[in-house]
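First comes the structure, then the notes that go with it.
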Amino acid sequence: MSDAPTQFAEDERIKTRSKFREAMIRPELGGIIGTITVFAMFLIFAGDSGMFNSQGVMNWSQISAQFMIIAVGACLLMIAGEFDLSVGSMIGFAGMLIAIFSVTLGWPVWLAILVTFAIATAIGALNGFIVVRTGLPSFIVTLAFLFILRGFAIYLPQTIERKTIIGGVADAAEGDWMAALFGGKILTGLFQWLGDNGWIAVFERGTRKGQPVVEGLPMLIVWAILLVIVGHVILTKTRFGNWIFAAGGDAEAARNSGVPVNRVKILMFMFTAFCATVFATCQVMEFGGAGSDRGLLKEFEAIIAVVIGGALLTGGYGSVLGAALGALIFGVVQQGLFFAGVESSLFRVFLGLILLFAVILNTYIRRVITGER
Amino acid sequence: MSDAPTQFAEDERIKTRSKFREAMIRPELGGIIGTITVFAMFLIFAGDSGMFNSQGVMNWSQISAQFMIIAVGACLLMIAGEFDLSVGSMIGFAGMLIAIFSVTLGWPVWLAILVTFAIATAIGALNGFIVVRTGLPSFIVTLAFLFILRGFAIYLPQTIERKTIIGGVADAAEGDWMAALFGGKILTGLFQWLGDNGWIAVFERGTRKGQPVVEGLPMLIVWAILLVIVGHVILTKTRFGNWIFAAGGDAEAARNSGVPVNRVKILMFMFTAFCATVFATCQVMEFGGAGSDRGLLKEFEAIIAVVIGGALLTGGYGSVLGAALGALIFGVVQQGLFFAGVESSLFRVFLGLILLFAVILNTYIRRVITGER
Amino acid sequence: EGEKYILVSHAPDSDSWWNTIKNGIALAGEQMNVEVEYRNPPTGDLADMARIIEQAAASGPNGIITTLSDYDVLSGPIKAAVDSGVDVIIMNSGTPDQAREVGALMYVGQPEYDAGHAAGMRAKADGVGSFLCVNHYISSPSSTERCQGFADGLGVDLGDQMIDSGQDPAEIKNRVLAYLNTNPETDAILTLGPTSADPTLLALEENGMAGDIYFGTFDLGEEIVKGLKAGVINWGIDQQPFLQAYLPVVVLTNYHRYGVLPGNNINSGPGFVTKDGLEKVEEFAGEYR
Amino acid sequence: MTTSQPLIRMQGIEKHFGSVIALAGVSVDVFPGECHCLLGDNGAGKSTFIKTMSGVHKPTKGDILFEGQPLHFADPRDAIAAGIATVHQHLAMIPLMSVSRNFFMGNEPIRKIGPLKLFDHDYANRITMEEMRKMGINLRGPDQAVGTLSGGERQTVAIARAVHFGAKVLILDEPTSALGVRQTANVLATIDKVRKQGVAVVFITHNVRHALAVGDRFTVLNRGQTLGTAERGEISAEELQDLMAGGQELATLEGSLGGTV
Amino acid sequence: MTTSQPLIRMQGIEKHFGSVIALAGVSVDVFPGECHCLLGDNGAGKSTFIKTMSGVHKPTKGDILFEGQPLHFADPRDAIAAGIATVHQHLAMIPLMSVSRNFFMGNEPIRKIGPLKLFDHDYANRITMEEMRKMGINLRGPDQAVGTLSGGERQTVAIARAVHFGAKVLILDEPTSALGVRQTANVLATIDKVRKQGVAVVFITHNVRHALAVGDRFTVLNRGQTLGTAERGEISAEELQDLMAGGQELATLEGSLGGTV
């Protein structure tokens, strides 16, 4: 074997590219450009509508955080080559379980939450198990669970409580430490201080006169940030992350190389169910009750956020940061249209157009990265 | 080159299989077994509930025919390797167009229908064009159109008429030949004769006393049968059918072999839109009005019927007859559960379970056909 | 004994308000000793509902109780049912005239437009000049009628004072917040049921307008009752769904058993529920109220 | 064997993929009735080159003259219509479809029943079985799915198809790489036969012996550039092999890997 | 070179796919330190056979003894853990992933930061570049996507990976079929090297010359059955070639395709 030079050889067949261009080319680029565009647009068209005062910011941040929570799960699962249409139904179902356990059965709220998480991830595992065992497309399997879980979310409260909305969780959760973990707010002191100093608006009338209009950072947002960070580190920095890419890129090849593909996929289904349950728990704790119709269409919204964020629907390519930006864009647009006073039934039309535009942009970027195909 | 024997050589490496088994192995087998099972079950559990009297039969036949109409389109499109999530929204949108054209604008109904068909197939073509041009997955592109079309189906009537339902089409359609093509009934003489002879039930009171309860064969069912036959012939007996299989099996390979893949895919998107418009037109003509919420979730129902009928979600494999059987099963189950008196909120749970069961059965059958994988 | 009645609604099966209806027919069925069934189109598609009515007729019940939320779509199947010998009572939506038209025995319910109109008149008397209608079910015609009626009652143009809020509570809440943020001079809020009222309550609490802004709602629920009690909600329009479900069963049973029939339609609403006299409402909210 | 007028003249073809320069100006002439071997190292750009010839890629720069006329293929379909049949390295077969449907894909035989034009399945099945047998493969039946064939069997279907439908130019991208001894001999014999019928054959291979057995002219690509074209007889197997390896010295085995690889 | 105890003993292996009998009872022993060539016609069952060896397929009948112990692989992971590395004919690469991620797929190097175990990208990149250069491929960079490599380049990545992670048995399914002259020489030299380290190599090829260059023993499969195993030296190139063609006569070229194909 000829002696190999110890330095990497230059290849004359590569055009040189500027450092800047090199740095720009990453899966999140579409998300970054989108975010900038969207903010610029709304600053122009809705800058004076209150969208960017403290209350307005909190407003779209919460919506975006909701999307982020489910988008992280959907993103990792999609990169692993599958997707989950039962996310929305899972949100309804998990919320209902918490309400039934804590209100109807009177369990302490922390127990209700823990048991619900256990059940939800078990269902996620079942989803994954069926997919890897039968080799069926996840579209079909999770579509079945979309119906099954929604069916139970309606059937259970109706048979048990004879209603489809179960309230009273707020009372049950009073003083429960785990409930606070999902429904509470942090940094209230900071916000009070900001309000006292006049940096953020305070109430001018009503019962809470003098208090800052934004009380604190809701745990919903904390969860969203946490999940994004964890998801990002797992995906890009660990061995398991490499397996996720491999499982989604070509399951057969990955399996032949010794990647435990089935385990990876099942775990990702469980993680998606986990994220949906976080969403459901935050919602139940914030609104104090669960309804059978919670989470309708959320599976699509999660997938949309992920795809806007640059992931490939067919698996093997994507980024959690991108998905988070996708969720941010989605949330800002949705609320921004309201602030801008656009006829609200046109919202869907805009949503569709933005989705189309975003994916076309992303595809273009991906082609630039991997070379024309 | 050595002289080739003129007869096909036997291969000693093939186990012999019985003629019966050979004949049974076809994509529709799952559908056939399913149909038999479902009918047997409901004959036992709902035999005396009116499900199998003339009215009952007409009831589930119409539901099944509805599913069939959209399933034929979805089936060919799925075999060509794409799918369309905008079918349901297209139904709402197309119906709304017909109503707006004929009632609000006062056009003759035949013109309204023709223009609507033109617009709908153009949108189908646009869908297809975007998919083939950008190489984006049809899931995403048609998801965008799901939102866009539904948005317009809500926005248009609200801005024009300030309501979400436009009625009065029935009056406008009085005496219109094309309206009769979609909303009329045939074989009324036969049914009258059946009623006169007491073989089917007749009205007991009111203006229509003595007339049979089931007046005739609705054009809806005629359209369903027609589309199934046309779809089946195209798929299995023509050159174009071979192209559909090829485009869905491996678009790149098909393109390299000279199959005009883009044309095939765009045509299939147009055909799917056409089928959705047939559905919408029949509905508008039968019920005399259009509503913004028509067709919700119908895209899933179409896909479910097709998949129950043995097609592969990933394209390249399937059968129109199978899809028609899938639609029949779906319709019979949906209505049969009501006849059997099952708690209605459990309907979704059953739907999910049947879907799961059906696809697992189909996969098993396909593996037997193509050999273990 | 053992007559069979089927109630067909137009609501998608997750709609919480219809739960009271289910409980109402169940109770009536028990008390009258008849068989009752509840059916609805899972997605709320009225064309599917028409098929369900046809099917209900095919299964040969003694009577059908149904809503008439779109005359064009539903009149055909209802007429066919009537003609094939099934007695029909119209409940909830539609108008008494339409009920007569299709050959129904009677109408029990609350005409939506009129209810909205009455609410609008009341609000006008209380000095309201502009409002926000939070419509969580925009594709249903009756919900738009409520908003339209309210606007007409106030004597103002509906314009874009009605928002399509979607059904996710967080989205409803934040859209209400966004609207109030951009239109701070809004006088009143009208919600169309618990789905939109509950998050709106939270929204008002969060932006400090609770108790300050004029707040009316259709239909009752647990949280709405609490809001009424706390003085955040000024009034709730109660159409008493319980009666809409319970009475037709009783009427039909008595008609079939003894041939007796009330001579007129029954308006189950609108009744305005305010802070006063809430105990019973509180006890049974979401179940029978 | 070479006439004055080339059938295809590729001039200064360049092809860039994003920042990668796959072809940096390659010129090749292909004459009717010759077997033109395209040789070169892995990644030299052979497949990319023939893809510009068969309409799969549009060249970034350079001209293609077909029978003296400048040509712009929008699509492989155009190339096929112009008489260029290609067997790609990554196969052009649909695994889920039957062998006979694959064989006639894009060229389906038609049987007319009144105004209806139907796919003539009987004819297709018969021809497929015959052609495959000629190549030395006994199929189990014409409706066997291609996905159940072994790699070499699939390759053979693709070659048999390209040959059957006739063409002015037949492009074969490493057709023999996955083939068994018998199938290889058949393919080489087939190349020899169609060449004699006046068809121009472009034959890509890594096997020097296969190239020398049927080639009339040899063009060697190296890192996106051509190292020139040699006539048969002008060059020895060893020289060719050195050129194909890009001029770099070869790893040698302690045992004997005498002569050509 | 052959010791008394075979490393893997495959006895009477049968494999049926539905109604197709791909293997009808094949017995082969593989000894440490030998290069065992598996030869045969297209569709003879070679790939199927080595897939039962590497845990991809479960045999329908027959026993596998590994170091004298009966083995039941549920999964390729088990086979890899037991020391059987395989380079499959249809590659085991993920096109969208970078070369270095592919190289270490399933064997990711770990760098510990406190309690966190992170994927050591620097190490992976460095090793990948080095190993590829040893095989004669100069990568543009370790984060180039595998999908942008040519067929031969990909093949080389797969082989380099299998060799790098060491194993008791190295199975190569037509590794040289898509390779250029230089890469082929490298692969053959690599086989020679690892064999000398005591690794058992199972080498599938259609090229008689490649087989003879490195093989110690030769087993020929034909239509799912074995035609027997020959030692090196016991058999000539011509005999081997006849066996590989399944005993059927070869098409001959008018020109000279003298000797072996």
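Chains: A, B, C, D and E, in written order; residue numbering restarts at 1 for each.
Following the convention adopted for this analysis, contacts are C-beta pairs under 8 Å (C-beta built on N, C-alpha and C of every residue); 3 or more make two chains touch, one makes a residue touch a chain.
This one's a predicted model, so the numbers in the text were calculated from it and none came from an experiment.
Considering every other chain in turn, the ones in contact with both chain A and chain D prove to be B, E.
Compared with chain E, the chain whose C-alpha mean position is the greatest distance off is C.
When each chain is reduced to the average of its Cα atoms, D sits farthest from chain A.
Averaging C-alpha coordinates per chain places the centre of chain A 43 Å away from that of chain E.
Centroids of chain B and chain E (each the mean of its C-alpha atoms) stand 49 Å apart.
Centroids of chain A and chain C (each the mean of its C-alpha atoms) stand 34 Å apart. Taken residue by residue, chain D touches two or more other chains at 17, 20, 136, 140, 148, 186, 189, 248, 251, whereas all remaining positions touch fewer. Annotation for chain A: residues 1-2, 14, 150, 154, 158, 343, 345, 347, 370-371 touch two or more other chains. Each of the following residues of chain C touches two or more other chains: 13, 138, 164. Chain B contributes residues 130, 134-137, 139-141, 143-148, 150-152, 154-155, 158-159, 300, 303-304, 307, 313-314, 343, 345-353, 355-356, 359-360, 363, 373 to its touches with chain A in the complex.
Listed in rising order, the residues of chain D touching chain E in the complex are 17, 20, 40-44, 47, 89-90, 136-137, 140, 148-153, 155-156, 174, 177-186, 188-189, 192, 206-210, 213-214, 241, 244-246, 248, 250-257, 260-261. Across the interface of their complex, chain A is touched by residues 12-16, 19, 22-23, 138, 160, 162-165, 167-171, 174-175, 177-179, 181-182, 194-195, 198-199, 202, 207-212, 221-223, 286-287 of chain C. Remark: chain B residues 49-51, 53, 55-56, 58-60, 62-63, 154, 158, 162-165, 167-170, 201, 203-209, 213, 283, 286-289, 291-297, 335, 338-339, 341, 344-345, 347-348 touch chain C in the complex.
Here chain D touches chain B in the complex through residues 54, 56, 75-77, 80-81, 86, 88, 91-97, 101, 104-108, 110, 117-119, 129-130, 133-134, 136, 138, 140-141, 145, 147-148, 186, 189, going by the rule given at the top.
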